[in-house]
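The structures considered in this document are given below.
Look at the two complexes coming up: chain A is in both, with chain B in one and chain C in the other.
And then the complex of A and B:
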């Protein structure tokens, strides 16, 4: 981009350059995991035997969701990759609530996220423990709430329901996989690009120094970190290193909040989730996740 | 038809979902409000503290770093109390409070640090931070000569047994450096060779020296990567190339020896020399009995300090050197060159002669005193603590059968290591042509406050 601009003799304003740099960095960071997520989704939908995943899960709803929330341990995919995978799980027969449980827990308890968080913070101030336990608790609580909804299908967008109801073509698994890859990519990629662009735009518009000045206040430090996580939309696999330099300025609870809230809710994720869930569901989910994340941070601040 | 997402088979009502969701949000909001209130009432909390428990004993100016869970308002020294009391400075930035100890701390001692009135930057509820730590017992090194090999030993001032750090034939002398030992060995022809021994992996690097020389007076500042020594040519040449010529070697540089030059630009020929405690410069007493302060790394940085017969010790704070002239010992203040003749304070054992003297951080002196025995023939040697009014015995050999050879005060002034021959009548020399010692030489560690012997090791040439 810079080479093209310099070659043409045309100079972009600094803010536009920052916007492009930030947006492209989010896309580059997320793209491999989105593709990996789509591939895993294809494996789940096309290649796994019918009922394979269900076979190992308990029948009790709470225990079943608890088991599903641990799936992420085996899947080194960050939050954006989990969106297509979640869609695949629903197509494969999981309830919407179960799929939401997986969606929220997986990016936090995936092995890469746990390792990088440990590398960044060790066991200092209980941040790592708060992230894992808090992430699992949030996923299961939100999953439980939505399991109470009388009409699971009403939680989903009409376009995704239509996608799910598409008749299967009597074709080979290979053709089905290619077809699924094309369709999932067409649904997810635009959302990723739009989300990345919005994340970049907000970062350019809101100076980071504004957020940092709030770092020492028990309440505002947590709100600032939630806002930062929402805006920055950084991948859960590397977010611990991103936030590490803030650890000396912000209270440890606010760091924990950033690490549980960010992988679940941010501008990029909302854009991608909008392909699957209704706006009302996303608003409800965001409110509950925000309150639970704040509570995790406040408890860490009080106890640690 | 392909499988699609599953609808829960159990009947649900939309109202129940809405009620549950609303109740959950309300409960979470109340819990958040409760913890916000508790957070404001709690004030800043200590997340962790870090301090190098060995370094605080060996060096002054070390820091205890207290990490607070939020950015705090500036903290001053009056808010910090340390038990036992230690002079200190305090700085704070962000969520970090740094307590700097002006003096070295005591070995194996519990310290308690209390910081009161700590508030966040918005001056919320003040809180008191408390942190305790126990200082370490840093390694000490000494030379233990034996057969077939001599050994450089590492020990601590606790009950743990010493370990061998390096072993080879005929070790003449050594110096402790940062991460390494400089080891001087004697050949069968009584010529010196110099090796650098890594303390981490034991790797040995040989240092090139001029042919047919002997190394003497090896010294290094604590924790330094530089050490020095004198080179003297062996043989019977009328004009030998080296005659107590002072050299240094910097491990952080090219590992080649470099002469220390004097005011005339020529290498210094010294009777004695010693590094200043911080290693930045050295004191050198030249053959013409001139005392200089020299910075070996800065050409031309040579400061004349006066004419003296001998160079004794330098206080750990680097402010006072003990020297001697024809009439006895003198304390020389290095900042203004004021001299004060040293005489021992009244001593119960009679009128002693004053020997080696070393200043403690508080201004007291540890002295080697020689007294004539009642038989009028023998001398009794004693290490005493002189507070300016009275000298009291710190250590003497049992029945005064032995002889005190040397002593060295620990960097923090808590212990004195006394090099003794326990019984002079049975003493035998190890037969080394240079730096010979009695085979029975023992180093005894004495607590200066109590006068108690806390440890003794067989060997000498102690490096703290």
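And then the complex of A and C:
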């Protein structure tokens, strides 16, 4: 088919071609991380001894979530890989609030993210510190807010609740793993494809210059950076390199906001999280994370 | 039938992703989508995915505990999602790999707004020899053009650059950019960088998105509507094939 298309001299209009190129690029870039995330989820659900992760955690809710927010240090997985892993943690008995804490913190404090952010910015203007401290604080605050909800299971989609309640079948570990791979990819892959398509479409439709002209205003530059993070949907492992060239145009606080907000919330992530959390939860999470990351940016602008 | 679709949709999309990745890895096309430093990781994870897919095809399917099929609006939505994902999957496997076009360059500002001093620094190159400048890419020149519009700096410095044509939005008839995309991770974050070229009525012999090699020197931009004070004045211009690594890093 490829040969026929190439031979016919057929070409798509530029915008359609770029929409496809951008969407495919998001998929090819994310797919290895999603596979890695599914593998880790299989390890957590099938291969780790029962209660292994819980053993080391304090019982007090706040301290427990603080411990969970540090899990990501050992996991070089960026945000899209964390979605299947978070689902696995919930199946294994983490509360919704605890897994949200993990989900928000892990992409920011994963070792690759810290190394690339340090390579890009060093310790200039406190951007690296703001990212790590701000990201951990936001994850713990948002986790605490959701822990106050009286009915944790009402935060989840019915299909994911059904997944958690699947009866335990006596089965070989290998067969369970394969079965889990089929079910997790059915939940995550369509969301990844749709998220990639939406991210591509927004990028073709919204001129980048609109965002960049806002760069020099202390408040608007922060909003512009959140919008940019939202539409660009680039992995937390590499977003520091992406934003580095903008460091000349934008204030340091807005760069920090980009680096805190982007790994947690973007179009691709929302599409993938919708497999697990209700729309209401995602809206609330987006609003709270946006306000807190704007606050991180304002503090950096004020101090730097 | 519907149960089978719902059960296997994820594996099918993984297969589309890994077929596309492996084909691109073999014909060198992965660099059109991701930065070269991720190629090894991507290919390794793809091979692991291939093993998982193979294992899942040989294992007996356990349909008995799949959730009950949805009805009404939720079902309509999931049909829509599967169709949309399927279209992308088919495009991924079926269409030839492509670079981003001038449409995205215009949309993200072809002058290279985000290219800063990290590419080249005016002070450190001002006394360099001609041979150095001949090797400069459009990114190097875009970086210098952002730093100084002092004509004496560009005097007698030879320019020899390759890129694709993007029309200047302000004077599309007489000015175009020789442009390249700079990528840090993947095509999604591509930033255009371009050198403005003044060539009256260039559309009569060239067209947008065409790859060209241009030589010449910088001088004041005679265009009245273009916003760029300096433009490349052409000595030679000839169409070339798209390079095998079209993006710069």
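Just so we're on the same page, the second predicted complex is superposed on the first by the 298 of 304 C-alpha atoms of A that agree within 3 Å, B and C clash if a C-alpha of one lies under 4 Å from a C-alpha of the other, contacts with A are read in each partner's own complex, and residues count from 1 in each chain.
Please note the rule applied: a residue touches a chain if its C-beta (ideal position, glycine included) is under 8 Å from a C-beta of that chain, and two chains touch if they have at least 3 such contacts.
All values derive from a computational prediction rather than experimental measurement.
In the overlay built on the shared chain, the residue A:199 is in contact with chain C alone; chain B does not reach it.
By the touch criterion defined above, A:185 reaches chain C but does not reach chain B.
Using the contact criterion defined above for the overlaid structures, shared-chain residue A:282 touches neither chain B nor chain C, since it reaches no partner. By the document's definition of touching, neither partner reaches A:129: not chain B, not chain C. In the superposition on chain A, A:99 makes contact with chain B only, not with chain C. In the superposition on chain A, A:162 contacts chain C only, with no contact to chain B. In the superposition on chain A, A:238 makes contact with chain C only, while chain B stays out of contact range. Of the two partners chain B and chain C, more chain A residues are in touch with C. By the document's definition of touching, of the two partners only chain C reaches A:14; chain B does not. When the two structures are aligned on the shared chain, A:29 is found in touch with chain C, with no touch to chain B. In the superposition on the C-alpha atoms of chain A, the part of chain A touched by chain B in one complex and by chain C in the other spans residues 166-167, 248-249.
Those residues of chain C that touch chain A in the complex are listed here as 6-11, 13-14, 17-18, 20-21, 24, 30, 32-35, 38, 41-42, 44-46, 48-49, 52, 55-56, 59, 61-62, 65, 67, 78, 81-82, 84-85, 88-89, 91-92, 94-96, 98-104, 107-109, 113-118, 184-189, 191, 209.
Contacts from chain A toward chain B in the complex involve residues 50, 90-97, 99, 124-125, 141, 145, 147-153, 156, 164-168, 215-219, 221, 248-249, 251-253, 284, 287-288, 291-292, 294-295, 298-299, 301-302, 304. Those residues of chain B that touch chain A in the complex are listed here as 1-8, 11-14, 16-17, 20-21, 24-25, 28-29, 31-32, 35-36, 38-40, 42, 45, 47-48, 67, 69-72, 94-96, 120-122.
Those residues of chain A whose C-beta lies close enough to touch chain C in the complex are 1-2, 5-6, 12, 14-15, 17-18, 20-29, 31-33, 35-36, 39, 159, 162-163, 166-167, 169, 174-175, 178-179, 181-190, 192-194, 196-197, 199-200, 203-204, 207-209, 212, 232-235, 238-239, 241-242, 244-249.
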